[in-house]
Amino acid sequence: MQEIEKKEHKPLIVAFCCNWCSYAGADLAGSSRLSYPANVKIIRVPCSCRVNPIFILKAFQRGADGVILCGCHPGDCHYSTGNFHTRRRMGILFSLLNYFGIEKERTRIEWVSAAEGQKFSLVMNDFAKTICSLGENRRLEDLRCKKN
Amino acid sequence: MQEKLESLMQELALKKIASGEVDRVLAWKKGESYFDVSPAIFKESFDGFTYNAFCGANLSKFLVEETKKEGKVLVFLKPCDTYSFNQLLSEHRINREKVYVVGIECQGKLDINKVYAKGIDGILDIEETDSELKIKTIYGDKTVKKDEVFSVKCETCKSKKLVVFDEKIVLNEMKDNKEKRFDIVEKLESMTEEERFAFWQAELSKCIRCNACRNVCPACTCTNCVFDNNKSGIAGKANADSFEEKLYHIIRAFHVAGRCTDCGECSRVCPQGIPLHLINRKIIKDMNTNYGEYQAGETVTPLNPIVDFKKDDVEANTVVGGKK
Amino acid sequence: MLKIDISSLPLLYEKIASLYPLVLPIKKANEVNYDKYSNGAEVSLFTLKTNKSPKDMFFPQTEDLMKFKVDGQKIEIIDTRKEAQPFVVMGVKACDYKAFEVLDRVFLVDPIDTYYKTKREAGIIITLACDRPEESCFCKAFNIDASSPLGDITTWKVGDKLFWKANTQKGKDLTEKIKDLFTEGDEKTVEKAKQEITETISKLPFSNIDVNALSKDEMLDTFKSDKWSKLSEACLGCGTCTFVCPTCQCFDIREFNANDKIMRFRCWDSCMYKDFTKTAGGQPRPTQMQRFRQRFMHKLVYYPENNDGLYSCVGCGRCVKKCPSHLNIVKVIKAFGGEKK
């Protein structure tokens, strides 16, 4: 049994969640007993636009196989305009990563409000499934960080 | 033609210095050979003052330091350099009062490495005509057509417009070549993800982290770069893992996104011939397609697509347009 | 003296590579650098100047020194040193070979750098005489004979043949193992070629450089000279010159925290960088002019002072070709009167 588990690749997913919406959405998903995959690691950020491109690259460096960014729906930002900035920045960044040959499914941005526990669970399950089918992140990895 | 331009420039510089309007001149200086040209400050002596097809260096970045000094400086800017100049003004990196800008004619600059690549070596001297280089080498005389050895940035010149100047010296009409600007980017986009990965892996694995691309870039004017800051967590001197090279180039390109005028200096100075401008150009293309046409440095403005937004912008996931 | 047809060199590469790892100038993404040979690699043996020098083979740009594992209060140190296995470097030019001597005097004196030493001992160096020097070459100024480099084996390209001569026991052993690929060569042909190379070199534009002019001056006078600020005016502070240089040997030691372990590695450093030799007390050379001066004083004054007059420049001309602002050691030497009239 243990051996089978070892062979199967368990993807690691990093989710940057806005404190004011998606993070609460994750909470709601939990309290509504909706499940999302255990390999999704949530990092709480004050606003989706707090996420510096370096964060995303560092997540990949440290072994993430997929990175998802969750923020408030456009127009609902706690700080008025944060997520509008996120939308442009991440559009450019994700496109650039794809230009370097990184599979475009590895990065995603979703708008999840505090009331959308169900959406949160659906998004995470779907993203985890996508990453699972892509397999290990080989194109943006740091070999030094891989266990040996 | 080239000599005429050069002598007019020198005449003007001398006149401005004599009248006391400026107290020094930032231009190019000829070194050991015709193509050995360095940016230089001229004050009393104009020995070695030159302007030829190898004056590729963008002088606007030097103004960041020059305008911190006392006195006014006269600078010669080629059309693409004027864009950088404007951009630096937008970022308050240059004191406009301390600069007298002379816009000059540029018919495209040449890359000596492309001359070498034609198997021409042992160069003693070069004679430049309007369309040709007559090269004297220790292995015999050679002739090269200028349009075969254009520097990468000039092959697809985006504009020959002087967007800012106090005075200009233009003798002949200048032609741009912007139709082809995004050709290679499009070619890369039409490749599969795997092919693109292979392309960039091969190119970036040559990177020696010399930081020439960063240090020459007119958009890179931070006093302490994140890659030099030991506390940033990503300071790296080494190309220890292929990840480091990607991190460096992605972050650098992203940092200058919206501010990059596409002057192409990064590719010109790369000792390993990495086509770094293709990274910036991809960002420019993406911004043009998704957020409206924009050319950094065209006007002095604090806004650029990366710091601006519209409420009905396209969703980030759909910006990613490359082939699977 | 042996010889082999240039057209059958691929066979030679295959043969050597089957015995030892083989490193030689390889073209990758349009640029030629020393790289490990593998089947299908685009070898460009006769490229005069690779972008980076073969210094990498003995003193890599980044090299792991040791690893740590931290477990609570315990720190485990993992020794990553290993004996280097024999390998062959082919196509080394005279200037780059001389550069190894410069590095040896740094790394092989007490305290001996074991990382460098094992590689240096394991390496079998096959040099190649330059048959087509370029305008940026000035090895003659440092009394280097580009027509007959040393090394374990020396090779010459003459017409469509490559001549081959073993100099040391290591070289002879290698030659013995692959000698069925060669035929007997004529010494006279090589002598003639050597003469031609020497003649070509005397025609080069930098053949009038005389480095001794610098050391004639009082060292402090050179240091204090006001020429430095003019010379370094256009310096961007990038590390191109130091990283393409075959003799630059400064390095930095850094650590990388890789999830479960910490790696201590060394990597090339450049005196052009503003954090060069930065300590808690600050930066001893705060301006670019001072850093620029350091590089050339080290190469032309300090190093020869400590090493029996051996200059820490070999005239390979890489910095001449690669500097984005076209500043280089030749201009420095000339500014201090190092030009024969």
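Annotations for the structure displayed:
Letters A, B and C name the chains as they come in the text, with residue numbers starting at 1 for each one.
To be clear about the criterion, a residue touches a chain if its C-beta (ideal position, glycine included) is under 8 Å from a C-beta of that chain, and two chains touch if they have at least 3 such contacts.
For clarity, every value in this text was computed on a predicted model and none was experimentally measured.
Chain centres computed from CA atoms place A at the largest separation from chain B. Averaging Cα coordinates per chain and for the whole protein, the chain whose average falls nearest the overall one is B. Here the CA centre of chain A is 46 Å from the CA centre of chain C.
One finds 30 Å separating the Cα centroids of chain B and chain C. Remark: chain A and chain B have CA centroids separated by 37 Å (rounded to whole angstrom).
Of all residues in chain A, those that touch two or more other chains are 142, 144.
Residue positions of chain C touching 2 or more other chains, listed in rising order: 256. Residues of chain B in contact with at least two other chains: 240.
Chain B meets chain C in the complex at residues 31-33, 36-41, 57, 62, 121-124, 137-139, 202-203, 205-206, 208-212, 214-216, 228, 230, 236-240, 268-269, 271-274. If you check the complex, the residues on chain C that touch chain B are 28-31, 33, 48, 51-52, 61-62, 132-135, 200, 203-206, 233-234, 236-240, 242-244, 252, 254, 256, 265, 267-270, 273-275, 322, 324-327, 330-331. The residues of chain B lying in touch with chain A in their complex are 188-189, 193-201, 226, 233-234, 240-244, 246-247, 250-251, 253-254, 257, 279, 282-283, 286-287, 290-291, 305-311, 313-322, 324. The part of chain A that touches chain C in the complex is made up of residues 62-63, 142, 144-145, 147. Taken in their complex, chain A has these residues touching chain B: 53-54, 57-58, 61, 74-75, 81, 84-104, 107-109, 139-144.
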